[in-house]
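We call the chains A, B, C, D, E, F, G and H, going by the order they appear; numbering starts again at 1 in every chain.
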Amino acid sequence: MPWQIDLIVLIFVILCAITAISVKDLLSTAILFGAYSFMMCLLWAIMGAVDVAFTEASVGAGVSTVFFVAAVFNTTRRTKD
Amino acid sequence: MTDFFIGIMTKYNYWLYIILMMIGLYAMIVKNNLIKKIVGMNIFQTAIILFYISIGYKTNATIPIIKNAHGDHGTGAHKLIIHAADYINPLPHVLMLTAIVVSVATFGVALALSVKIYQRYQTLEEDEIRMRLREK
Amino acid sequence: MNTFFLYTSLYLCFLMLFSLYRAMFGPTVLDRLIGVNAIGSKTVILLLLIGFIYERVDMFIDIALAYAFLNFITVVAASRYFHKRKGLYEESTLK
Amino acid sequence: MNFFVLLFLIIGLVFFTGGAVGIIRMPDFYSRLHPAGKLDTLGILAMVLGFALFNLKTFSISELLLSIKMLLIVFFVFLSSPTATHSIVDAGIRAGLRHWTKEDKR
Amino acid sequence: MTISEKKEFKNKSSGKPFKSILSFSLTFILMFGLWVILSGNFEPLLIFLGLFSSFLCAFFFKDLLFSDPDSDFLLIMFRFFKYIPWLIFEIIKANFHLLYLVFHPRMKDMIDPHVVVIKTGLKKEMSIVTMANSITLTPGTITINADREGVFKVHSIDKESAEALPGTMLKKTARIFGEDK
Amino acid sequence: MIKTFYPALLVIAPLLAALLCSGFSWIQKKFCYPIVLVGLAISLFSAFKLLMIVLTSGTIQYRMAGWAPPFGIEYRIDLLNAVVLLIVSAIALINLVASHKSVLQDMKEKLGAFYSVYVLFVTGLLGVVATGDLFNLYVLLEITSLTSYALIAMGDPDRSPIASLNYLFIGVIGASFYLLGVGYLYIMTGSLNMINVADILQNLHGSSAVLIGFIFCMLGLWIKMALFPLHIWLPNAYSYTSISVGRLIAPLMTKIMVYVMIRLMLNVFGFNYIFETLELSKVVVWIASIAIIAGGVMALAQKNVKKIFAYIIVSEIGYMVGGAWLGNQTGMTGSILHIINDAVMTFALFLVVGNITFCLKNAHLNNFKGLFSKMPWTMAGLVLAGFSIIGVPPTCGFFSKWYLILGGIEAGAYHFVGALIISSLICAILFFKIFEISFFESSIQNKQQNEHKNHDKIAGITEAPVSMLISLGLTSATLIILGVYSDSIVKNIITPFLTQYKMVI
Amino acid sequence: MDYITSIKPLLTVLVSLAVIPFLIVTSKKPNIRESCTFIAGGVKFLLVLSMLPAILAGNKIVFNMFEIASGVSIAFKVDGLGMLFAIVASSLWIVTSMYSIGYMRTLNEHGQTRYYCFFALAIFATIGVAFSANLLTLYLFYEILSLATYPLVTHHQDKKSRISGRRYLIFILGTSIALVLPAMLYCYHITGTLDFSIHGIFASGQISKPALTVVLLMFVFGFAKAGLMPFHSWLPAAMVAPTPVSALLHAVAVVKVGVFSIVRVIVCIFGIDLLASFNLGVVVASLASITIIVSSCIAMSQDELKRRLAFSTVSQLSYIILGVALLTPQGQLGGIIHIVMHAFGKITLFFCAGAIFVATGKKYISQMKGLGKQMPITFAAFFIGALGVIGLPPTGGFFSKWFILIGTIESTQKLFLIVLLLSSFLNAFYFLPIIYQAFFSKDEKEQNLPVQIKEAPLFCVIPIVITAIISVILFFTPNVFINLIKIALGI
Amino acid sequence: MKYIGLLIVAVCGGILLSATSDFPDWGYSQSPASTYLSNHYIEKSIEETGVPNLVTSVLADYRSFDTMFETAVIFCAGLVCFLLLRNYNRQKKFFYRHISTGVVLCFKDNCKNLPASKKFEQMDADWIPHDLIIMTVCRILIPFIQIYALYVVAHGDFSPGGGFQGGVIFGSSFILLAISYNLQTAMKKIKEKILGLLSALGVLIYVGIGIICMFLGGNFLDYSQLAKILPVDPIHVRALGMLGVEIGVGIAVMAVMVVIYVNIASEGRHDEGL
């Protein structure tokens, strides 16, 4: 697999990670975390780890984000940092 | 100097995984909000998964599912000639499947805990919780 | 054809940057949601493209298909938050 | 055959480009939804059709099934994407987000 | 709570075994077809598994997919498939319009977002949903809300798309589900 | 190779019990307890059997799924494993019996789930001890951690969730560091089986990646075992749990981590690599010495008995780590012996605390007044356990300390010896503080106070239930028995084990 | 010189441990409980005596229990020294039990069962120390003794006993953990064994002088029960305990265990030759002499009788250490036999103090004016005991002082002679005034009181008489003990 | 704290970076990791197990013991969420809405949770009208998702996917049901008791297969022993064993995901959720 896509997606991943932890709203964090998960899935797929990509897709998109939103729903969106 | 750059070029995956991991670790240590910490934790774990998957990758190899062996349950074993260099190392994938599962489980538990904490303290900020505890 | 797929995927990555911009800097949460939704749809295509580049699209299509379902779930769940808790900036007050 | 494949793919890319640019350029949340929700949907349609055609180059039952599988993606996206868009816009309305009007421009 | 109301609660939705069987079998067939497409493998074990899982899906979720199956189900399907090409054509046509908008340098002058309320006579769930999704897919308009009375709240990006709205799409949708009378 | 199915049975029986228990909790709750009891009893039995087999005929290798070691997962039971397995399963079983009543009191509707999680925790521990595969260890570690988070969160509703969440964060960092270390090993060796990795590592001693892998493995384990600067999670986590949990986790969790550390040091990296190629040992022994003193000093400042004991655990971790890193056989012997002894000692301590909290609802030091006359048997247990921790001869704590100090003298690490002795003194002060409070102050003045303040709380104290007392008695007896037979443990188990892995100089 | 393997030492040690369950079971019936104690004491004493002939014949009785580390095991070995100490301890247990009955019942103390149990435990440990065959076993029983004594010291459970209990623990437990344990392990590290041997366990050249000095001092100070200054202050503090405890433990068992351990270490671990070659005996001896003089001086200024006795004990213990540390045969003989002589003398004194307290409730010497006429037997016994401690005939104490004097003359350091003489004067100076006051001076206030003071109860008086008589008898027949010591030291 | 964090991060990062120079290049096909064990797996596994998906064959056969505990981890997570959050103190109020008229009835205090009928539906406290479009589309979509999930479980041998992925997708279909309708509808479809039983059952299937192998005389999880009771040859019986195992994993994962969602979304009250 050509390295260009890999590198670009990796940088996207890092961007997503930084934004997810620095944004001042937990729901946004949840959503960005979903984006992070998408990127990760792409990254696994690029590196040929199909099963891992599948898992990450199903977990990251289907379950993890929903849990996150549910938790934020039941707690609060406010955060100081 | 050129060696250094060649080192980065050929191993940028490892460099970036370290950066990602450090982002997660930083969030876990510094962030005050519990959910932020949980996110940091997840990023941290994902970085390690990235590391493992990077170990397994081989250039010019295909995904670890044998081609042309559309297997059937119970009809004769194909004598295929398989070159190991053609397929990506499956072992890290296996390990990381487990690690992902573990991280999801931990994630769920951490969220459940934070919900429980919120029920009691009505806040997710660590310093506020500490303040409440001191008041008691 | 393979190089074409490669450049296509690079171009899609580039386009993803726009969505990512919206997701990162979107003024409201819902803008971010739009961004993520867009990223999701591009990811589906990217997965297929990677499949073609690997020449194993029969394997990657499953993931893409799963993505088509699951991206939807994420978006619905996130917007459901606003369905139940009205208000974009409103917060549950301390009980 | 390849021509059609390329055509479809390029059309898809154009739509995607439109969607991406629209997301950036549009002034408010509601109007951003239009390109994001729909140009992307059509982009997917075009590109997947291209892929399906490309896949049918060597015709066999399994390849055909594969192409149909790809079209399934289109089917689901067509079902789910407008719903997702609707869901988001509903959320925006419930959240009380004002929509952009001509007056805001000044 | 009065006694009669209590009886009301206990009186579960039994009664229509025919519809139940029909919806079950329809779901089963559809699911199995889908399985075959997905699997692409005709090995006995997998076929058996497919049958079994289709049965599972159909048995437990028969009330989801076809909750109230009509007798003219096939007709509706047929009309629906006839509707799709037209819709796609519409979509493409309108999408180009949107593309034009997006790339236009003075885009902000061209767009004029506002909300329109459309009253249609649609009553069936499926037809309302089809209508709503069609509206959403046709660029320039997004359904904000649709209730059971057939009242649609639509957000449109400019006047043109808003004015073009009820038009033929409503007629076609209504025809699919036999509501055009 | 000996054909035996006990290694599998050991882990499977509790796992099965957990599943069945969780299933039955939805159908018929009263079956939960017997199922769990039987499961743990089976694993205790097989641990005992394994020890017998290992003693007579050497190391057992069990191939999970029937694949030969580097490809499949292998369970290796050697002498050390077998003993630790026995200790773990015995403590789990005894604690189950002892905490039956308090669990019934605490979790009414969630009984099945609680027992299930409890047994899963034990399963994880047993697996961690028995496994011979680096990654399998990680998975089992995660089971253990996950369950322990839950178990800890079941305690004091005010503080335990936050303590548990902190523990979760730090635990995840620890486990991830371990995983990272394993990854570094994997990238250099390509294998995951401990013995196999050790073979390949012979030629890789100069590699910096192996060094980093080693450091991160150790770092992860130290975080998990709460070595001094990384101990912050432990006191809160252990002291705010419900007691039936605390006395399961406190004796076992940290000790198992020490066990894993020793296993990695001896089996994977090898003695030569650590002590001759790296020469890290001096630094670690210093850290351990500081840990010992710091744990003791912090314990002195506490008012809650559970917290005191938690800090004592921090100090004890220093003993074991220091002993293991002294770099000689005596120190290692002491360390291994202390794993066994300390598990029993801590268990006895927490059993006592359990009895007291069962009766007093609180383990604050002020409530201890006059306990010697009210709960004589429990306090006798406390005295015995305390003596063991201080290191008074016939109890087992003395003997491990004996080896540790001897090892320290042999290695010339006099600061470590000093730390050990100072910590003994601190422990003596701590325990006699407790004894004093509970021995004195039963005078009239206090009784009057009690009548005013918390009449019903203190006045009606009687001895704890019989099941608790019996388990306490059993454990206390074990303290002495282990002490008396410590030489045969060393001679028959630890020395042969160390000889097997070339630890004899 | 034969080694006889026999289970007797173990039985002897275990008798008092075995009686504890009976005591607990019969806690509701005091008579049965106390007769249990008596039976155990009798059995123990008989067992000890039954081993006496074999020891006197020059044999040693050994019993190995189990190994603990390579080269070290829990083992018992009965030699002359141990026998001597065991005879003293076991015989005095019987007497003290009797005395306790009188004392405890008269004062109606609480927690009597606990008292008897821990008493038995303390005796168990004492005999264990006496019979231990190596340093580890000795250490083990030493620790048990320290811990078993704690509840006895703090028997009253009030604030005062709490403070003194704390001090007791800090000194006893702290020193043994911080000093003895490392020193012992260091010895083990160097020699690989801890077994007592008459010539010491160190081979020549195995240890350098600085190291030896440090280890020796660690041992000498570490066995803080011996009360060597500055680790003596627990002993006066421990006088808050009931008098039988003070009598048996703080005149005989506990303190003598400390001294015995030091003797063991000097004689059987380092060996006299080694110490003599490095000339280290002087160091210990000078430490002991300082203690002797200083504590005698302090004793004079004490008004509370038991505290005065305690300081006297501190001073007398150092006699023993001094005698042994002279490293001459006669000095050692004198030092060791002082264990016996001092035991009988001092226990008599303590019994008397207790008896006075029981009868009158008086603790202070200044209150005792004229008591001699009301309690003639007690004060007569007190006189005999005082003589024994000062070292005047017709009591056994004379012999010990005599042998130590000879020892000092034998040794090169004549300074210690002066110390001895001076301290004997001091001894006389703080004991005799008490007796003078009791018999020849009158207290005006006392006579006004209507209550007539009588002798203490019978159970208190009989033991006093017995011990006083024994200390007189010892003047005439000290041979058994002298022989035992000679056998033990191989003189 | 911020600076301490930065310091720790910098130190850790520095240590880790310093070791990268020792690594083989990214994608280098002759590195020890990609030659030592993996070659055997790649070349032999189709002969030995008859499964083309190497990941599945390693996951469910060579390292099946790992996977069993992985499933146990998931099971454990479900239990933990249940244990932490489940709250049996039901809300005291129940709301019912008459469907045709829209009149809302409120029942207070300890009245039993009545089952819904054709005319009345139970609803949440802060009730929102069911969104018709989302509801209908989800209704249509859910069976498709489910059959797809089952497909993924069954085809773990030849294509990416397997028990875990399929289970998660299946579980998320229920989550979608709960989101688009409401939690009670979803809980009516699959009850808490059933979920608890299923999650245990899934792992039990896995462990059970292992134990059957043990009873048939092999080692734990040694599928080739199953050939003694199944009419297939010993190599292909491994594929069947893997299939069984994957089904077990799928069931467990599905149930657990729903349990976690339900407990987090409703804070353990199981009455109304996201």
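Quick note on the criterion: a contact is a pair of C-beta atoms (placed from the backbone, for glycine too) under 8 Å apart; a residue touches a chain by one contact, two chains touch by 3 or more.
Quick caveat: nothing in here was measured; it's all calculated off a predicted structure.
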Self-check item: Centroid comparison with chain E (C-alpha atoms), farthest chain
Solution: G
Quiz item: From the centre of chain H, which chain's CA centre is farthest?
Solution: G
Practice problem: Using the touch rule from the top, work out which pair, B-H or C-H, shares more C-beta pairs. | Solution: B-H
Quiz item: Where the centre of all protein Cα atoms falls, which chain's Cα centre is nearest to that point?
Solution: F
Self-check item: Centre-of-Cα separation between chain D and chain C, whole angstrom
Solution: 11
Exercise. Would you mind pulling out the distance in Å between where the CA atoms of chain E average out and where those of chain H do?
Key: 30
Quiz prompt | chain A and chain G, separation of their C-alpha mean positions in angstrom | solution = 78
Quiz item: So which stretches of chain F touch two or more other chains?
Solution: 135, 139, 142, 146, 149-150, 153, 161, 180, 186-187, 192
Practice problem: Could you tell me which residues belong to chain E and also touch two or more other chains? | Solution: 34, 38, 41, 46, 132-133, 143, 145
Quiz prompt | Multi-chain contact residues (two or more partners), chain C | solution = 16, 33, 35, 54, 58-60, 62-63, 65-66, 69-73, 76-78, 80-81, 83-84
Exercise. Would you mind writing out the residues of chain A in touch with chain B in their complex?
Key: 1, 6-7, 10-11, 13-14, 17-18, 20-21, 26, 29, 33, 36, 40, 43-44, 47-52, 55-56, 59, 63-64, 67-68, 70-72, 74-76, 78-81
Exercise. Would you pull the chain A residues touching chain C in the complex into a rising list?
Key: 1-2, 4-5, 8-9, 12, 15-16, 19, 25, 27-28, 30-32, 34-35, 38-39, 41-42, 45-46, 48, 50, 53-54, 57-58, 61-62, 65-66, 69-70, 72-73, 76-78
Self-check item: Contacting residues of chain H [partner chain F, same complex]
Solution: 15-16, 18-19, 21-24, 31-38, 40-41, 61-66, 69-70, 72-73, 75-77, 79-80, 82-84, 86, 88, 193, 196-197, 199-201, 203-204, 207, 210-211, 214, 218-224
Quiz item: In the complex formed with chain B, which residues of chain C make contact?
Solution: 54-56, 59, 94-95
Quiz item: What residues of chain B sit close enough to touch chain F in their complex?
Solution: 25, 28, 34, 37, 41, 44-45, 48, 51-52, 55, 91-92, 95, 98-99, 102, 105-106, 109-110, 113-114, 116-117, 120-121, 129, 133, 136
